[in-house]
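Each chain gets a letter, A, B and C, in the order it is written, and its residues are counted from 1.
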Amino acid sequence: LTNIFERKLEGKNPFFRVVELTDDTVDPEIWGKNFPLQYDGYKRTVDQVRTRYGGSEAVHKTPKDSDPRSIVAQSRLEEDPRLKAMWDGYAFAVDFREERGHAFMLDDQTFTERQDVVKQPGSCVNCHASAYGAYKKLGNGDIFKGFDALNKMPYFEARKEVSHPVSCIDCHDPLTMALRITRPAFMTGIKAFKASQGVKDFDVNRDATRQEMRSFVCGQCHVEYYFKGPEKTLTYPWQNGLKVENILAYYDEVKHKDWVHKRTGADVLKAQHPEFEMFSQGIHSRAGVACADCHMPYTREGAMKISDHHVRSPLLNINQSCQTCHKADENELKFRAEAIQTRTFEMRNLAMDALLDLINEIQKAKDVGRPDAELAAARDYQRKAQFYLDFVEAENSMGFHAPAEAVRILGESMNFTRMGLMALTGVQPTHTAKPAGNPATP
Amino acid sequence: LTNIFERKLEGKNPFFRVVELTDDTVDPEIWGKNFPLQYDGYKRTVDQVRTRYGGSEAVHKTPKDSDPRSIVAQSRLEEDPRLKAMWDGYAFAVDFREERGHAFMLDDQTFTERQDVVKQPGSCVNCHASAYGAYKKLGNGDIFKGFDALNKMPYFEARKEVSHPVSCIDCHDPLTMALRITRPAFMTGIKAFKASQGVKDFDVNRDATRQEMRSFVCGQCHVEYYFKGPEKTLTYPWQNGLKVENILAYYDEVKHKDWVHKRTGADVLKAQHPEFEMFSQGIHSRAGVACADCHMPYTREGAMKISDHHVRSPLLNINQSCQTCHKADENELKFRAEAIQTRTFEMRNLAMDALLDLINEIQKAKDVGRPDAELAAARDYQRKAQFYLDFVEAENSMGFHAPAEAVRILGESMNFTRMGLMALTGVQPTHTAKPAGNPATP
Amino acid sequence: MLSRKLRLVNLQILKLALVGLAIGAAVGIGLFTFVYAKGYSYMSNDAVACANCHIMNEQYAGWQKSSHRAVATCNDCHTPHDTIGKYATKASNGFWHSYYFTFNNFHEPIQISGKNLQVAEASCRHCHSELTASITAHRAGRDEEISCIRCHRSVGHMH
């Protein structure tokens, strides 16, 4: 009997506990002593390899005092200068690069030129560093208090509280190694979202399934957000739902704008990496597939099977990321993914041209002195069209996470630019009625 | 008990050759003597059951001399009166109904009110009847000759040459029961399409794989078509490819129009049931799934697996149609299909509203006497927007056959209406350039 | 050893037969079928035995193409890995399969039931526990097993 008991224990601890990990062990190198294979993968997130629409390219630059990085990712503004017109008047029009591996997150945030043009708040730090230790310290053990304190600081003060990119402690319970949510913004956000779905009082660390957690740990950061109120509280706008229209409705309700568009004077919004939201509308999510299934697939290391902690584009690792579920060859799977992405990319280009036409027309109308009242409707359509377009543009899978949804959003964006033009020229819509005898929508 | 005994026997006796079938046996009842199970299914295509977006509803009507049918399918024009505006000046604006089972095809064509407003050609018969016998007779054994002869007749003369809806002989070789293509229009069309893909001299009955044939037999009719030249040759416009832009380019090249729009004077096109073309853009087709897999799934009859010849909506038979490949429960699969359809339906509604706005504006411009030259560009955008919209509207799966492609087409339709409005108001597009540093499209 | 197994089998059948009598004649016939249609072939470890029913042909054919054809038979995955459980499961499944086969009113395509799914999942762990210990160990807090077939659905028989 003891025998079986011992074996069970052993089975559950297939590693050597070299060091004791506590809730205050932030440094991943220490965790790596117990879990060298995972740590090895984690360190490999410095690799930079480009895929057709993802990965990243290592671009050399001359280090300066204000920015000591000698390698950065390619500039998205150079790749597509139309982005500058879309974001005119906002920090993103100054510097915006392709995102790269987790290892760079802290440096890339610290040294982006967006820091030079705007005084950024401490809230930025939540998603670019191992912040759990900082929360505990600043809140005297209460992470919600620590979170509030961090948000209120100016960026460079908050920056001093952290020293690692996202680390083991941000996703794992150090005693059981179970996944754990450490971000107050996500706890609050997912609770509000679940409430909108009729699930009351959702406590993510108590109520989520293991499979949900395999996506939720990523949803801590790969989401749309804004800074609420003067406290700059990092907030996920999910109380109406996760779809683009739910999020826009929320921003309209709370009358939030990110900036005033320089050319048109419209109150506009910037969407940012809504991977979790977009993925949630796709068939993979519906079929119970999680972020970790594709971005951290199991990999065999000797006699053990572990999660690949080299988080990266699955298209660089199709064999493990896709082929266990899809019995098609690598080239075929790559083709399927890229066909989805190319369709999205082409629609994104059309939608961006359309948006620029609208921006142009509003600007002209403004320049010839048409009163604000006459521009209000068109400006609101710009806000809509731009947010919809940016929701796909800023989402980093180029449509793969939810192919039909991404294209739908771009189509609606173009419809908003159309309505914006009509508002400017005074053309009234003919119909807005739904057809009679419509099947009810589910 | 007899049951299991019988079952053991059945396994060894796939069928009894009761009658001899020849290449001239048109009557399905005779074939049914050898294949009673398939014939039973075939006869059940008279069933009318509605799904959320498909199937059909049995609507009672009073038989008249000119139309003896006492039951028809619901009117799509009543369900959505906007269709009348889209098709203004064309026979479809007079009568257009939901399609129903194969059993009705001949009657529905003979008695549609579209026959009352236009003198239809014999070419219509190709897809609504067992035409193989007629081809052979009219062409003295040469089906291409027979096809030409049939096309040139007036409809009601051609109608006398046929007496059954699509029948066994239209899909099967009577000696081997292998699938066989009998439609010259498809043979020519698929050959042109394959040539555009670099496959030379494709002879469908010689070169197609069995799995391809399981879709091609349906592609004989479930396709976009037009009647070419004064000979009214039934033609599938595939020589540039099967995508909507390839087909529109073809029509532009041959300067084809279906009619002149009554309100706007634009040369417009009607898209018709491009199921085969749309399906070819979807993931199911890419993964090698065929029409017959979903619409004629294998079904167990005793010890035998036969193809269910009750061709119908797969959503009325989810367990046979979908669950062989998808291990999810029926409700879940229905939800997935309907979620795709609802997304498409909502975009279709937006695109239709948009189109009506454009039609309205062109009509106004025409009414105030603006010269044709000023309307030409807008009219061309109407042609484009309308064909794209109709390509999804006329396709009968409400987007299911290729979810992202259907939504993409609708999005582009709205972009064309936008450009049409701009052309009318004289606004120049700002950008049409692709971004620099673009990844090449595959 | 063999006779003990057989006794166990007989006991199971007897038990089921009693239940069957209580339910009615239908079950009696099912039991007859169990014998007639070589339902007893359940007690063998030979995969061919399962294919005795043409209904199982698809899985049999799929198994022959699968990665496990040489390393695991049907019973390795579809019966528990302890003797009693093994024969209890076999007898009960064998009985019900015969019953359904005769009366022909089961869901098609055939779907694995919750209990039998657990058996199959446990069998993966039985053979692969060492390899997968590292991924199954850390689940304190929420005591959920990770599902193997979520990713490895087709290992037993290509679907």
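The rule is short, and it goes like this: contacts are C-beta pairs under 8 Å (C-beta built on N, C-alpha and C of every residue); 3 or more make two chains touch, one makes a residue touch a chain.
Bear in mind the structure is a predicted one, so any value in this text is a computation, not a measurement.
Trainee: For the chain pair with the highest number of C-beta contact pairs, give its two chain identifiers.
Mentor: Result of the pairwise contact count: A-B comes out on top.
Trainee: Going by the average position of its CA atoms, which chain sits the greatest distance from chain B?
Mentor: That would be chain C.
Trainee: Could you tell me the distance, in whole angstrom, between the mean C-alpha positions of chain A and chain B?
Mentor: The separation of the two C-alpha centroids amounts to 41 Å.
Trainee: Can you give the whole-Å distance between the Cα centres of chain B and chain C?
Mentor: Distance between chain centres: 45 Å.
Trainee: Of all residues in chain A, which are in touch with two or more distinct other chains?
Mentor: Residue numbers touching two or more other chains: none in chain A.
Trainee: Note the residues in chain C that touch 2 or more other chains, in rising order.
Mentor: Only 153 qualify.
Trainee: Which positions of chain C touch chain B when the two form their complex?
Mentor: It is residues 29, 32-33, 36-37, 54, 101-104, 107-109, 111, 153, 159 of chain C that touch chain B.
Trainee: Quick check: in the complex, which residue numbers of chain C touch chain A?
Mentor: 129-142, 144, 146, 150-154, 158
Trainee: Where on chain B does chain C make contact in their complex?
Mentor: Within the complex, chain B touches chain C at residues 1, 3-4, 7, 11, 299-300, 303, 319-320, 323-325, 327.
Trainee: Give every residue of chain B touching chain A within the complex, in rising order.
Mentor: Checking each residue of chain B against chain A gives 52-53, 74, 78-82, 283, 286-287, 328, 335-336, 338-340, 342-343, 345-347, 349-354, 356-357, 359-361, 399, 403-408, 410-412, 414-415, 417-418, 421-422, 425, 427, 429-432, 434-439, 441-442.
Trainee: Per the contact definition, I'd like the list of chain A residues that touch chain C in the complex.
Mentor: Interface residues on chain A, with respect to chain C: 11-15, 173, 175-178, 180, 205, 208-210, 213, 288, 293, 298, 300, 303-307, 324-325, 327.
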